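Each in structure tokens, the structures are laid out below.
Presented sequentially are two complexes of chain A, the first with chain B as partner and the second with chain C.
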Partner chain A sequence: MTMIAQTGAAPRLQTSLSVIILGATLAALATAPMWAGRAELRLLMEALSYLALAQMWNLLAGYTGLVSVGQQAFVGLGGYMFFGLAIFGGMGVLPALGLAAVGTAIIAIPTGWLAFRLNGAYFAIGTWVIAEVFRLGMAQVGSLGGGSGISLPVDVARSLADGRAEREMAMYYIAFAIGVASVALVWGLLRSRWGLAMTAIRDSELAAETVGVSTRRLKFMIYVLTAGFTALAGGFLFLQKLRITPDAAFSVNDWTAFVIFIVVIGGIGTIEGPIIGTVLFFALRQVAADWGTWYLMLMGVIAISVMLVDKRGIWGRIESLTGWHLLPVKRTLD
Partner chain B sequence: MVWINSIVQGVMLGGLYALFAAGLSLMFGVMRFVNIAHGDFIVVGAYLILTFVVSWGLSPVLGVGMVLVLLAVAGYMNQRLLLNRVLGKDILPPILVTFGMSIIIQNGLLEVFSADSQKLQTGWLETTSVQLGDQFAVGLLPFLMFMTAVAVIGLLQFVFYKTPLGRMLRATSDDPEIVPLMGGNNAHTFALATGLASLVVGVAGIWLAMKTNFDPAAGPARLLFAFEAVIIGGLGNIWGTLLGGIILGVAQTVGAQVDAGYQILAGHLAFLLVLVIRPTGLFPKVSH
Partner chain C sequence: MTKLLEVSGLTAHYGDFQALFGVDMQVEEGETVAIIGSNGAGKSTFLRTLTGLRPSKGQEIRFCGQQIAGLPADQIHKLGLAMVPEGRRLFRSLSVEENLLIGAAGKRKGPWDLKKIYDLFPDLVAKRNNPGTALSGGQQQMVAIGRALMSNPSLLLCDEISLGLAPKVIKDIYEAVPMIRAQGTSILVVEQDVSQALAVADRIYCFMEGRVSLTGTPDSLSKEQIANAYFGIGEAA
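And then the complex of A and B:
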């Protein structure tokens, strides 16, 4: 009898190699506060937040074909909602972050309803317009500082833990949880029946619809889910910065362009791609930190080259050459 | 009177937005392709005219001619050598490649021209006004800008429906798989479409330089205005794009009349309102 098995017969060597790599990476990240200095810890926090942003954009664009150039809307909303809840709601850091994510997901329902009226490339620019509306609108909200922004009171950060070292450790573990959870969420989702439907949409939307996948509903669900998780990362990023302004919160370069570059260079439509992309992006940034605008131009050139040479990106290329899946989600017939 | 004035200003501004939008609309119409770097190419046009006329001191006529030729040739080459290679059913590669171009252009302009805001001074053009009726006058510059938009759109309409090039463009738009069987060369036709669109981008850039302040990061906002004008007017309808531009322009100037902070926001909200009421635009010709 033919059965659809989850992973098929991956060579045993590759499987054990995957387990070793994943285990070692997780162990290294989990113990980072013990071996990393303050600067490295901050870099890791940022990288883990970007990993979450990249996983979410990849889930949206790589699997459901919704190419959004407006994810900065949700980073910004998450940041502002977190600040609002912490400052005016008097909430602790963790509940405020969680509620900001849920609140943003709720706002994503009407914005998604609007954006879904546009197709393909027009959807992309439509999401950008919506993000601009939030940026310009937020600049008009006086209680959140208007155009010049607002700072997070010291008490809020202090409420995390006593002492500076403990606070930084607490912050780091929030970032660690967000980064790891984003990978786990996408992995779990792709191995569920939703994942089967999404993979079908990725491969051929028309065919998916013919075999009974309700593509529109699924896409909408993913759009709302990624909005919420993007907001969670956004809330954390601005907790780390301690200050938020409309231009920083809704920056298309910081929260969408870089994220797209990360996903495309690493490999779109794979879970491993955003991980590789994040590592490369931050490694390159460390090297090229003082190149200024040249660094950004280099990123653009690399992204264009990937599209011209092999649009599957680095991981897509490795996968097709070796058949290796670090985090297997493929279903094969045995 | 203040309101009538801001509406008239908005109509003139709408001409500029229609110029922004015409190139975008043309490329989408022929290739189903949205150029994310569209606004950045407009800004390149603005910097070129500034360089030719102000820095090099060339005569304005020569400067305008050079900008148009340069952009048209660059557009043709860009499509032929680069963009054609990523066209296809998958919408992601063209979006990503033009997104990458947008970042490269913005940072390249920043490197060459610095972040300072620029404007092309036009002397008497700016201070002269045109009397419309007894108690009404508009500036000569906005008036000429609006008339340029009408002329460009009329010309595009003519090229599209009355010339062999237009026939080729329409045929390729209708069925890009059949045209090569009839001896057409899609790669060349697509490149001609982008060349023509880039010519209009040049015109738009020159007017941008004369009408408003601009800086290296001004591109994305122009892309959004162009896009909104296209969607408000309705896809595939080139006169609709002019009307879309006008609606956007009027929404912005009326918004600015209420509060300076609302100018851009009011334009975006007008666009979203149209999206709610008529997702296919106000004057659609084809639906996608």
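And then the complex of A and C:
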């Protein structure tokens, strides 16, 4: 196996700092049910789900240049498929979530085939249109409640655990697993031989093609993979809400616009960016959510300001100033 | 000598605009061939069509006897046709050595490996761990050539490798061409710098407005013939 050393030795202080920050964050998150109240736990669950959505959108747009504004298609499909499998298939929560992810990834193959005929801005609009088609289509499915949606029977949530506290704890650990797995997945992918090719595509797609990277195949693979994982987060988000409607499931604002905000301010094309973006987004929401539309305007102003100061986002700026990688990527060719 | 590349009647379009009008070209094994021509003559379009970066379905492009028109770029690359793209286009997040190693991902057998590339361009040894973009223009060009060579191509295509470089640096870069050839790699260079092209090539093709306006060996062509074929006027240059 040909290992390629990371350029320049990261200063020991930065490495220690990374280990301390990551360790402390993981420990705090893993023990959250012991120190956090119910409201905080729910907030953390949502944040961990958003972290997964942001990691997936970043993988797609930040590394392969596929700017999708239709990821809500997969959140919605994941949610609906999870409800369908749990209600009509009688499946438990975990198998239903897993199968909803796999099922959505399979549906992403033909939708990707369609969307990949378009380039750049047309691809972005195309993905949005595809998501709208799913929203309108789902409103026609009577057995899933049509336009007014459907609730998850209490039994399904109860199958997780009997008591309310235990159930919340089980739910939290599902969210924890989804959030951590999304980071681990991107990190693992970037450290695999695909990582070098993905980094090459991010830097220059044309040059990547001239060195024999199968850019189309790799992009398609990433598209399908992110669809599946996005659906997993989607399924979980609606398990938390216990009710799904086409408008909520396929909301471009909730599942794509906010996610793009997170990635863009955090730092597109880095693993750390979506993490920082998620923290900032939720901190901002806690502070400003009561301000009504001012809150949305403030978000817009922040996004534009970050772009004007440094379009690499907050982490991109920190990284270029310090050379620090919280999650270093050692690249390999095999 | 056996034919490495045979192109017949190649055409290319950008929407309604036709960029190539039936170009014929052959490259023999072991040859260095140069394509000269002014801006917009269709040189880069020609290379991009060969390498699968532009659509070529239904055309006649044979490489090592195999029809490659319509194949995706990565498959053409695997068959041994590598390109040094115009403007170098190094991967900015990768180090010099990573830029070189990614070229070898196809694992084709041949004479080129990291050591050989560093022998060819000793300047790169001290910079191996630097980001590719932290180098001078000439060194970046060396990395771009090395990256293409790492795939052990039978035919190396070089798109305007002298572009934007100082004359001294261009000379250094072109000194590598005979050494590359000595390893058995055939070369097709696209150049606006006619003197460089004439100095290294066994044969030249001059492109004008999407057609081959002149072809021959450097010795057999007069300055007037080249000026005429290059600019489309008799007494220029």
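Everything that follows uses one rule, which is that the second predicted complex is superposed on the first by the 323 of 334 C-alpha atoms of A that agree within 3 Å, B and C clash if a C-alpha of one lies under 4 Å from a C-alpha of the other, contacts with A are read in each partner's own complex, and residues count from 1 in each chain.
The working rule: a residue touches a chain if its C-beta (ideal position, glycine included) is under 8 Å from a C-beta of that chain, and two chains touch if they have at least 3 such contacts.
Please read all numbers here as calculations on a predicted model, not as lab measurements.
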Chain B versus chain C as contact partner of A:Trp128, first or second or both or neither: first
Residue contacts with chain A in the superposition, chain B compared against chain C: B
Chain B versus chain C as contact partner of A:Ala73, first or second or both or neither: neither
Partner chain in contact with A:Leu296 - chain B first, chain C second, else both or neither: first
Touching partner for A:Asn119 - first (chain B), second (chain C), both, neither: first
Chain B versus chain C as contact partner of A:Ala139, first or second or both or neither: first
Touching partner for A:Val252 - first (chain B), second (chain C), both, neither: first
Partner chain(s) touched by A:Leu237 [first = chain B, second = chain C, both, neither]: neither
Partner chain(s) touched by A:Ile260 [first = chain B, second = chain C, both, neither]: first
Residues of chain A contacting chain B in one complex and chain C in the other: none
Chain A contact footprint on chain B (complex, rising order): 28, 32-34, 36, 82, 85-86, 90-97, 99-104, 107-108, 110-111, 220, 223-224, 227-228, 231, 261-262, 264-265, 268-269, 271-272, 275-276, 279, 288
Residue numbers on chain A that touch chain B, as the complex places them: 61, 65, 67, 69, 114, 117-122, 124-126, 128-130, 132-133, 136-137, 139-140, 147, 252-253, 257, 260-261, 264, 268, 293-294, 296-297, 299-301, 303-304, 307-308, 311
Chain C residues within the chain A interface of the complex: 51-53, 72-74, 77-78, 82-85, 89-95, 97-98, 101-106, 129-131, 147-148, 151
Of chain A, residues touching chain C in the complex: 2, 4-5, 7-8, 193, 196-197, 199-200, 202-204, 206-217, 331, 333
